[in-house]
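Notes follow once the structure below has been shown.
Letters A, B, C and D mark the chains in the order given here, with residues in each chain numbered from 1 onward.
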Amino acid sequence: MDSGAALIVTDMLNPYDHEDADVLAENTAPMVQTLARLIAEAQDGDVELVYVNDNYGDFTATRDDVVRRALEGRRPDLIEPIVPPPGVAFLQKVRHSAFYSTSLDHMLRQRSLGTVVLAGQVTEQCILYTALDAYVRHYDIRVVRDAVAHIDEELGDAALRMMARNMRCDVVESAAALRPA
Amino acid sequence: MDSGAALIVTDMLNPYDHEDADVLAENTAPMVQTLARLIAEAQDGDVELVYVNDNYGDFTATRDDVVRRALEGRRPDLIEPIVPPPGVAFLQKVRHSAFYSTSLDHMLRQRSLGTVVLAGQVTEQCILYTALDAYVRHYDIRVVRDAVAHIDEELGDAALRMMARNMRCDVVESAAALRPA
Amino acid sequence: MDSGAALIVTDMLNPYDHEDADVLAENTAPMVQTLARLIAEAQDGDVELVYVNDNYGDFTATRDDVVRRALEGRRPDLIEPIVPPPGVAFLQKVRHSAFYSTSLDHMLRQRSLGTVVLAGQVTEQCILYTALDAYVRHYDIRVVRDAVAHIDEELGDAALRMMARNMRCDVVESAAALRPA
Amino acid sequence: MDSGAALIVTDMLNPYDHEDADVLAENTAPMVQTLARLIAEAQDGDVELVYVNDNYGDFTATRDDVVRRALEGRRPDLIEPIVPPPGVAFLQKVRHSAFYSTSLDHMLRQRSLGTVVLAGQVTEQCILYTALDAYVRHYDIRVVRDAVAHIDEELGDAALRMMARNMRCDVVESAAALRPA
């Protein structure tokens, strides 16, 4: 596998109008600034920045639609700090894993990016599933403990242990997340 | 497989600045109005309309970028008649087949669309490869003879024969392309 | 999705010579006879029976090799009751999910099998990952609580809760596992 | 992409009882000994040897079943020279491309095999489709002109031109097929 790294920002463009959205928003609030710093650090450095976001079943949505709907949703304060900067890679996904039915694997391989750094939401759902799909494809994986958000605390903790124990993920703090391997 | 149909418009948003672009543009000119009518017919009827277009290696491109670059390219006259209408499904692909590393298969299945109607370019490349990927996935396939464009006439003809003979495609004229099965 | 069901027996042909094999064998012993009965019930009824087993990195292994190595391993008592009967579908997998790089999805679709019944090992690894891959593909999923085996009890329990809560799995007892939906 | 090479022997274990089997057998006869020599050369050298063969819709078939049915078919003389040697990688496929729903891509990546050498049948079908799937995945591709067999001569020739022109394949003679790149 190859030597570069990509920071994958998953599902942060969320209108927070779904079931469990309130608890997710509450758990997201403390990590948004951390994630914003991580995004800035990736842009300043050698780490590729990639947003992957659900299209919520709307295959006609443009990237601008996805961003705008999140900003017009119930928690713009959680969106504004992490709006995708111009010129950043942006993939729409249709199910939970960032790899399923997207070009993520293809893009990472083409750019020789063998390490994925996972941040965003939801720890015990899309983050866990994306970690799994990265693991079976032999990527090196880092999960940024203070830049992911859970819905269910117990399941979120279990997900982090599964990723560390069974998927060879490094569960790291944001300060160390983009350090060269 | 399911009863609905989708018109797949492939790679028509082309700046025509690649190798062989001139000959492709020449072969595209006679079919653009035919394709425009087919697109209008799909919108008026029960056929799902889906644009699938290469991102030309730029994973930061938005849908608007892809359209604008084509319009600002060397043959805007071939783009204007088939600019994607607002509210139409639009998928970016990264290699030749419309199925590879995209959500096309997932979207068609979710919407119970078991028939794909193929139009666009290039007959002996992306159209052929998309037909193959549809065939191995057991879709019913129609290829619209007067709404596809080739680069090499002989290979284009061979591709149409391969699709008809070996991939069970119906090679149809546009007038009949969206008829119920 | 379609009306038939398949019992997926995952990774039971295990030589039990890997890390954590002893604890896995201990947790497998109480469920082997239950699984054997479920296999017999699938064969007697309308449920398709499919074995999916890791090839442990050996792409030259035949099905007979996989079975023989398990029987010659450290716990033949856990293999003998569930040796695949002649004439049963048998797929070799190369990573944790039964769907990854196998023909399972293709086979299930071709046979109109929209429900998967998951049994085997390891609850918090291959069973969880297979459930996830079935979930993103919109299968109906049952997980047979008394016919799966965990390594880590706490993670096994968390995996069952994740499957029930986040992947819409029915976690069922073996007595009800093959009941028509 | 990586430096090793694999010889992919496609669909040669054929009972020759399908439509067009007689013409295919006739076109296969002149290349069987060439292919047998190529297989021996791969085994003696540094090239990985991989058989990929259709399961003809039978997911219960073992590797031995696939070989035996071919030997018991209508042209055992075309099978005997190329029976897979013991200890060779052997993948069953379910549709035309050797990549679709198989572990071929995974195996090649794991073993750092970036070049595929294609031989077998049918030039304008499985060989063409496998070449395409290798091409979109960025493999280097060689097609062994005197170790592939067509059904339709004209389409076979067109397929070879498509592979050379549009998929960057080297169409080579068997004497040079396994030469280091």
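Quick note on the criterion: contacts are C-beta pairs under 8 Å (C-beta built on N, C-alpha and C of every residue); 3 or more make two chains touch, one makes a residue touch a chain.
For clarity, every value in this text was computed on a predicted model and none was experimentally measured.
Peer 1: Quote the value, from 0 to 180 degrees and to the nearest 5, of the angle by which the CA atoms of chain B must be rotated to coincide with those of chain C.
Peer 2: For the C-alpha superposition of chain B onto chain C, the angle is 180 degrees.
Peer 1: Look at both sides of the chain A and chain C contact and report whether the same residue positions are involved, with over half shared, or different ones.
Peer 2: same
Peer 1: So, what's the distance in Å between the C-alpha centres of chain D and chain A?
Peer 2: 40
Peer 1: How many Å are there between the centre of chain C and the centre of chain D, using C-alpha atoms for each centre?
Peer 2: 32
Peer 1: Give the residues of chain B that touch two or more other chains, as numbers and ranges in rising order.
Peer 2: Chain B, residues with two or more chain partners: 95, 100.
Peer 1: Could you pull out which chain D residues touch chain C in their complex?
Peer 2: Per the touch definition, chain D meets chain C at residues 50, 59-60, 62-64, 87-95, 100-103, 105-107.
Peer 1: Going by the contact rule at the top, pick out the chain D residues touching chain B in the complex.
Peer 2: Checking each residue of chain D against chain B gives 95-97, 100, 124-125, 128-129, 132, 135-136, 152, 154-155, 158-159, 161-162, 165-166.
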